[in-house]
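First chain A sits with chain B, and in the next complex the same chain sits with chain C.
Let's look at the complex of A and B:
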């Protein structure tokens, strides 16, 4: 749940990048980290295995600057995508104000995308949150791969986007769509604050 | 050393805890790693990384406790060459809170643990129940958001 300090006029929000293993969640954060000036970001913390797979989470604090008179900070997290790390995925989701679901556009990864999306819904529910009210966007990553290997953004939208969420085609490795995705989820989260909510509704 | 608080009720208990325990750094945070009050950190972004890691350690420990049939493990303590850390959670009307304390040679784990117990009681007494809040941002925040993100990505 976002923290609002009315005395110092500060807002802090937690955004979680979710999705199947190797879909590009960490790559999104690495690209953001590489583009943002030093005085607007903190150290990127990665709790990873020896082979650089996310073990617990990656974490990147960002200073967005002043929005509507509030100094606004975002905390970006990723979850481990591999199926058997569900316990840690659930922990990272706790208190999320918004979610970016990073789907892998490859045809052979469609089942993994669907499974991960279902897992996200189940884990949100376990935190007692109504998933329909949690600000969320979809990113279709790896759209740069040869067309015979991937599903188009329209096909992925048909297969994954049951909630009619905002979607963003991306090539996170080269930064395409990363900025737009972050902007999309930031707007969803802040819109909730402007409407008087503090994140998703608890059930 | 600076002390900053997001929620004013936490300030007096924190100042007293810091003075009594001689802690170097203290963070009071929610179970999701959001900082409610802190002492000793110079940069907000360093503070956020420390709180994210502290909350993660506590969350992982609590999940592990559940797996083996324990309700919780209570406080955690790690000793380094120059610093030690003490991590503990306490239930309050504001919800479960986590306190991360970093201390040096000028104090001891025994003293930190002793004063933490008093601190936890003080937090429980001072914390208000979580309240619903009205709209925070103006409806026309999007122009500010666009400008902030554009400057963030230097586009």
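Let's look at the complex of A and C:
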């Protein structure tokens, strides 16, 4: 199935928010959800544990209406960040058009960030996709925390961004950088389309 | 542009926010080009920049009416400049601008949109400053913040005085309100204007708007306006913050890092729309543009149009390149076909890139139908031609034609008796022309073939085809033109071809057994044209030439010969190469098969008859005239072996 269907004039875009546990993936989706006008709000499906941790995944369908004659729909997913839910992560990752890697800016979370990023690479590879070709952006979340607790965007870029991806400092709790990140990944996904037929394929 | 009389210093309310600007402006107006030059005033919209600028103009004129003061918005300046450029009057425009004593230029922030004007403004500012003329500019931002502004211009504009006008403070707002109310001749109840000034306005125009609303309200309502009513009126009934200090807003929790935009979702949708337009649909735009372009050039674009309905995004670059390549191929084929038949290039298949194969086949058919005219015989070259004193001039003329075809001797007319090598020389010229210009079409044929082909073409209704066939040629070499005698239609065609060839600088060459003036039955318009070039004669070969011919003919057969035999054969009277060849052939036929050398004996036997006895030989010799019989005309036609009387009787009895 292609991402852009010219026959039915539909654009469907699956974006997966990936990252270590508690990095703020669900918060990103919640903020997006909070900004959708009431008349266009769908249902955000969130399967969470009692302690409010994502057990399976979050799913937020976004109907952007008709854009350039295309019924445009974004489907935002998050994966459970905890290490032991890798099977779920792989499942959610299947068919993704783009990935937002939400990194936790806290200094003590650096190893988790790296581990999660490696896990992402491995899972992408398992789907038989070259990670270099999958549209992806990095979000450095929690940049609002006191500076002594976090790594700066530059430091995180140095540590995590070896693919020279677009990066977005963010404070997802307050919405800072959330839509910028989403715009960034959407642009990457759509831009890839313009580079030829292969870009219209999902992973 | 005329100055607005309302904009004078007298009408400009000076407050803390604009005092510096007003003072600087007045100073400049009082003594142009002596204090601040240029003066650059920047402020947000509605704070009085234009007012100050025009006030400078008025005051300067009041003080010295002979000054030439020019007030222009940047847009007007640009328009004048562009009009001058369009009229080719740019120098007049510059001269006129340099005669200005005070140049007042408003809204220069639009320079960002007129990059070409930046250089012009820089030049003008420098020149005016050098000539001690005043320049005052206004802008909504400082020079350094004007996008894409030339660094030199930034430096130049900042080099005088840079002053800004801030939003008016309460006192200034109140003063402005008082001034405006007074100008209108209206009185406001106490406290109203203060209340209005408290409401605040980011610029003076807004304040004037407030005054207008208050005056209108008073005029319609008839009653007097209270400060509360004025506040409610100006805030459009929105909750008015209490004038008296009220309770403090809630103490803020730890501040949020960045305030969030009110409608991020709409902004997001808008951004995605732009991206979709730029990416998803961009390829359609490219295909659409290509369709329009190629249709405009008259090509069918069915294939590209089909692409627009693709479900998948095709390889646009590849598809467009492929289409362009097919168009290029069609153009090439059309050009090729046009060379054969100009009308063929208009065939529909050359306009449809989906039918390149058909166009190729069509071109092949066109080419097939228009085969090039007969070309020279390969075997007849200059190397094979035996040159002697009798042919020297003709050969040199032939070489000259080859070296400079179409220009030196055009036409070349070779005349001479039959068998002297005219055809050989003509074909040799043709072959050399082909060698000198590979791919050239050299038509070389006899006049008889020329006529025959024309007759066939007329029969088949392909006269145009026949004409194109010859007109394509780069040279026309026609043998034995005496055969054109009485062929009026052929002469007519040759006449036209002759003119076309000479006009195009193409070479013509003709051979004949007689001079042009002796060509009976050939129209004078042709014979005179033949004479107009170079007429050269090939005479019968002399003895030396015949000797060379004999040796070469024997060598070609790998036969050695006694010198005496060669000399003997060369000494025989022969008026043409063909006659020499006949002699040699006969001698070779008489050769002893066991011998590899032609002896003089065999030669004599061949030439003089069967009898080997000297008496017999003498007898035969006696029957052969020593000289060429002018009536017979050719040695070939002499009967060498007369039959005996008995043989003649048998023939007669039969």
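Here, the second predicted complex is superposed on the first by the 185 of 203 C-alpha atoms of A that agree within 3 Å, B and C clash if a C-alpha of one lies under 4 Å from a C-alpha of the other, contacts with A are read in each partner's own complex, and residues count from 1 in each chain.
We adopt the following convention: contacts are C-beta pairs under 8 Å (C-beta built on N, C-alpha and C of every residue); 3 or more make two chains touch, one makes a residue touch a chain.
Please read these numbers as outputs of a predicted model, since none were measured by experiment.
Because the two structures share chain A, they can be overlaid on it, and in that overlay chain B clashes with chain C. In the superposition on chain A, A:144 makes contact with chain C only, not with chain B.
By the touch criterion defined above, A:186 reaches both chain B and chain C. In the superposed model, A:41 lies in contact with chain B only, and not with chain C.
Between chain B and chain C, B contacts the larger number of chain A residues. Contacts of A:21 after superposition on the shared chain: neither chain B nor chain C is touched.
Looking at the shared chain after the overlay, A:72 reaches both chain B and chain C. Looking at the shared chain after the overlay, A:176 reaches chain C, while chain B stays out of its contact range.
Under the contact criterion defined above, the residues of chain A that touch both chain B in one complex and chain C in the other are 2, 4-5, 7, 11, 35-37, 64-65, 67-68, 70, 72, 179, 182-183, 186-187, 190-191, 193-194, 196. Within the complex formed with chain C, the residues of chain A that make contact are 2, 4-7, 11, 32, 35-37, 64-65, 67-68, 70, 72, 143-144, 171, 174-176, 178-179, 182-183, 186-187, 190-191, 193-194, 196-197, 199-200.
Looking at the complex, you find that chain A touches chain B at residues 1-5, 7-8, 10-12, 14, 35-37, 40-43, 45, 47, 56-57, 59, 61-70, 72-73, 75, 77, 87-88, 90-92, 94-96, 179, 182-183, 186-187, 190-191, 193-196, 198.
On the chain B side of its complex with chain A, the touching residues are 4, 6-8, 30-36, 43-46, 48-49, 52-53, 56, 59-60, 63, 132-142, 144-149, 151-155.
Note for the complex: chain C touches chain A at residues 256-258, 260, 263-265, 267-269, 271-273, 275-283, 309-316.
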